[in-house]
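Below you'll find the structures, each written out as structure tokens.
Shared between the two complexes below is chain A, which pairs with chain B and chain C, respectively.
Up next, the complex of A and B:
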């Protein structure tokens, strides 16, 4: 029985297929686990390990290097406030402090209702609309305390659902190219490389 | 000052609200560059890029044509596009991937043809959720229109592009760390030599790594010729470049400007560009990402060109410029930048890992009025341990240049604003608070 549900098994298999070496799918697969479970669960890491041909410890060891992969549950909405230089100059630390107050949690913590986790982030590459705030890695562009609070209540009321899916869902556009059926040079090369790597090990 | 009449090379399409759609792409010359390239030999395409003198837009500014020529000949080789864009205050690739992903895909296909690689990867930082979707859409569109896949436009050339999401780590912008991440590992930079990507890259095969903006220039260069590109700008800095302006200016944003023909002052003060500083005046600017040493008001007339900035002791780097006005606390600015490095150090090298954390703690206590007079020498001494001599470009004692970049802001702040540090100590608090 496969770990992934709702068509995600097919996407997992596609991820394994599109890379010349299967371990390359490790991080995309971790994102896929987060989409399904909301965070990178233990069982999910075991499934990723099996698909990539590595041990679960290797998956955990890799995943813990990365800020976006959460091995503990987080809220439905991961709120990131940037305090790096351009945002600092625009009051990023003050906005973060405001966010702590209005959500009632410290940085790194999750609200009791499980809706929001607050993070202080590094530069999010949107420095002209500062301070920058992302929710589940979508730019929400709430630069004032008032805008921030309005967004929070909108999210509490279930708003913006299509724009901001719950935490873990990253790329919603499917790769709709079926490479397995592609008789071309690319697929041939990829298969040859796979065979060569598998022959070595 | 007035803007030069240089064409918009990579942001021409971005003026349209629907710039990200296939319809707009095709209606505005989309794929013309690629189609022309496919009628040329790969060598002829390389020659145009060489003639353009296109300097890499990711930070180091290495000429793309020369980098391509260094690719070791092998049966399998790869092109990897760097869209990690995590250098603080850099946000130009963000615009390119969200607003014109088709142009990027076209550029990547041209480069792949010139290099004769059949597999390319576009690595984007994971925080670009929309950008990742837009690039995947552009790839899907390209497959549907015959611009990607097997036998592209009947040329016999085949290519697949995979868009690969990062997962939140600045260091993955360093090209060898990026390759590690793409191989499903921690983003630890590799030791060079021997691991120069052109010789031993992805999966040990020769690999070209280029920035998103570098790639986005290629359709125009092929269509108009390398000479037309090289006719813009001056010296080694040819063509146009995206400048990301942020901080204390009226109109922060991304501006495409002809290289060298404008100065920092123009960018910051021109009404059509930055529009000036709303409160007070310029106190200092960071000219090329937070790894760069700072400039001061008397240096604002330096032209926006790679060598022009390097000659004055800093770097144009990622093309991002942060303006700090006269009310800015420089201790706080240096502290926050240092905190960034200490959070993002991958931890492989002792001077970088230990040095960055120690520096951050000292700066934090200074900012909070708990510093000691000896702290200034301590900061400089720690910096000197990371980058001996504190010169520019810095001496490197570490695996990658993240480490040697740490001293830039601290050294700049102390050299120019020592009295501000002293005021924090003598007043026992931040004078700006």
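Up next, the complex of A and C:
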């Protein structure tokens, strides 16, 4: 029985096929589990381990290294507030403090209704609209405490569903063509892309 | 000025010219040149990872000099390296300050305190005082990574030696770093502990006190330990060990790094089985392996009663002396030292005149095959291009040999052709699997060596061949035409199968591949030494047959057996039938080890008298007429021989409990009582007698064995290998070796001797002698498979019901219960599921056992491990089905659910 549901098993097999070593698909597969479950459960990590031919301990080792991979359940909305230098100067820390107050949880914790998990993040690469806030890795362009509170109540009411998918979904449109197990094709595609980049410059 | 060649480069190290091998890391080249660069994560037996930064050196480059990790940068032609500049010293100082900022200063209560690389290198290179005034980290402790290994997280410096060992060397990455930055910690996956046979090595190489082993934790302080170098006698690999004791009790074993055998590694059984030595003598029944035998005993009025040595000797001597030679026999001897084996052979064959002496327990191979085939060394097998595995699971039987052989295949230097049926240790790394069902090994070998007819025979099995034409084509290609570069590991893959099949397969390989060499994987401690000493019917000491026995032997032997004696199984039958009246059992536990329970039961309950020579209790001891207590493992000196024929010294570390004697002493006394004087006044006398009377051991005197070139042991016959001086131990590679008392080991002085072979003292020149001749190939009857039955395979398990494991509390807890493993196809056929209980019935008997599906077990076979008990039981479960009188054991299986 496959661990994955809704056609994700086929996606998992595709992911493994595009790498020369099956273990290279470890991180993409972790994201696939997160897309399904919202986080990496123990069962999910065991499934990834089996697919990649590594031990579950190695999957857990990798998963705990990366901030975007969660080995504990997170809320429906993962709210990240940047406190790196540009955001810090623009009031990131104050916004984070405000978020703690208005959500009623400390950084790293999840609200009791299971809706929000608050995170302090490093640079999110959107410094022109500082302090930067992300929900489920989507920019929400919310810089003031008032805007933040409005966003929270909007999300509570089920708003922005089209804009912000549930946690774990990295991309919603996926390149499905030409990803079959043909390393030659992949190499060809990579070479073409490189040539195009070189042609532009 | 040194010249570079194709294989070498010359670079400047602290202003002098140094030659390095091409690709060699600066740290290793510097070490050979006598400059020791401090390190934590670097280990000479593993790939460098460059993560501790302790080994930073200054290397001049086009943009000025930069700091580089010397473990990770290869020495290059003309490179200018400085290891002692102010910049380097400042870097070392800084690295240590960083490491110590998160490291607790609990050295006074830490097991590593006193032998700790972090402590030692901080004193040598550290800042001297701390600027860190903040509160240190506190974690819950200790975390159990497994039943044997505990982790104190705050002490960990994240060097990754343990995780790299588990991955690279053991091939079982069950531990890994979790987290990032200062939150990194070694961890296992929930519910999947670090249950590796090699877990103790991570404790040994941990450069701080983060990993500790339960048997040693808080057991002693390093400065209280006394140390002697010895050889592990847990199996026939012969790993070199340092045996450390405190207050007269063995407290710890550490692997000693030898190029020839174990590379510093040990298995957990070898490392922790010493616990059994410390078992308290009289608390257990005589039949219990945990009971130490501490005084001689004689059966009086049906009870074994403790008596004096003189009384026991005189009783034993009268039993032996008053019985005709053909009615006397001896079983066992693999647990003896070479000296013990030589002494007993001298008494049994040379004084009493019986040839019925067998060190193997019906579970071995024909000794003329073992001694007659061209033998490979472990290094040759590890470096072989192609390795044919025709033995039991080496990880279960000879764990460190498996590590050595796995290394070649894991790095794709060697290709393994694995003939074992069922899950094998080589599953992940084997190039080709040709699973041989019981009785099929000769056909599989024939197919492998080009006989297409054999393929057809194999395909006629009701379930088809276990491999396809592609596999055989690939295997044939790997084997080549004459076997150059091929090493064959031979052993007993199943005790439910007549040894004749694997013996014939080995002979066939020898005929077809004359250049191939063989590594006989008989597993029991010193079984190879016992065979060398003539402990088998028809053999005399020194790998010669009785007819070719040295004429000089008459100076030692007053009698010579006139006819060929009985093997172990034949002796047991003779005991049952009354033909053998007196049997000396040398350290063997017949009830657990002989693959025929009925026969042993009948032999033990017959009126044949048993003289049991033992260190631990067993059912054999409980049934004996006379019991002679023997010194075992670290309680005796002498020499032992491993499976490649390497003779190495044993170090006595502790005194045997009670009145136990070494074997040569009791033999000398027995001979004296029988009216013959054996010229053995000391252990060295026996060793030197072997060097004179055993042709294969000619010249192997105590002085040669004690010389520095023989530190790693010597392969006999002398001249087989070039002797080397051992490289001085790297104190950071195996902490604890150098800090303890240096008896027998070169003290670490900071300078490293070169490893150039020494021309002198190559030992006596090779002595010509007529080594045992190979047996003739016999026509074997193919055993026609029964379509309704499954053929039984019974291999070995490392943690079994044997004395070593049972007597050691830490290991006994790890023994897994017996299960029957079958292919899912067969499970389906009888309508059972994994976990169900099934009834198995052979010609001999029936048993009810849990069944498990295993994809590696060939269709038409069932695997149950030998000497493993059902859950909660301590009897060798599979014995119910085994029958030593049949070639293969076919069993019917029915589902009970």
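Definition applied: the second predicted complex is superposed on the first by the 177 of 201 C-alpha atoms of A that agree within 3 Å, B and C clash if a C-alpha of one lies under 4 Å from a C-alpha of the other, contacts with A are read in each partner's own complex, and residues count from 1 in each chain.
The rule we apply is simple: a residue touches a chain if its C-beta (ideal position, glycine included) is under 8 Å from a C-beta of that chain, and two chains touch if they have at least 3 such contacts.
Everything numeric here is computed off the predicted structure, so don't read it as measured data.
Participant: Does the superposition put A:57 against chain B (first), chain C (second), both, or neither?
Facilitator: In the superposition, A:57 contacts chain C only.
Participant: State whether A:27 touches chain B only (first), chain C only (second), both chains, or neither.
Facilitator: first
Participant: Look at A:45 in the shared chain and tell me whether it touches chain B only, chain C only, both, or neither; answer first, second, both or neither.
Facilitator: second
Participant: A:150 in the overlay: touching chain B, chain C, both, or neither? Say first, second, both or neither.
Facilitator: A:150 sits against neither chain B nor chain C.
Participant: Let me test your reading of the model: by the given contact rule, A:137 touches which partner, first (chain B), second (chain C), both or neither?
Facilitator: Touch partner of A:137: chain B, not chain C.
Participant: Is A:65 in contact with chain B, with chain C, with both, or with neither (first, second, both, neither)?
Facilitator: both
Participant: Please indicate which partner A:126 is in contact with in the superposed arrangement: first for chain B, second for chain C, both, or neither.
Facilitator: A:126: touches chain B, not chain C.
Participant: Per the overlay, which chain contacts more chain A residues, chain B or chain C?
Facilitator: Answer, by number of touched residues of chain A: B.
Participant: Need the overlap of the two footprints on chain A, from chain B and from chain C, as residue ranges.
Facilitator: Comparing the two interfaces on chain A, one with chain B and one with chain C, the shared residues are 54, 61, 65-66.
Participant: For the complex, give me every residue of chain B touching chain A.
Facilitator: Residue positions touching the partner: 76, 85-91, 93-94, 118-119, 125-130, 132-134, 136-137, 139-140, 143, 149-151, 158-160, 162-170, 181-187, 203, 244-248, 252-254, 286, 290, 320, 322, 324, 328, 332-333, 336-337, 340, 343-344, 346.
Participant: Taking the complex as given, what residues does chain A use to touch chain C?
Facilitator: Contacts found on chain A: 42, 45-46, 54-61, 64-66.
Participant: Across the complex, what residues on chain C touch chain A?
Facilitator: 172-180, 187-192
Participant: Touching residues of chain A toward chain B in the complex: what are they?
Facilitator: For this pair, the touching residues of chain A are 18-21, 23-28, 30-31, 52, 54, 61-63, 65-69, 83-86, 88-89, 122-128, 130, 134, 136-139, 170-177, 179, 182-187, 189-190, 193, 197.
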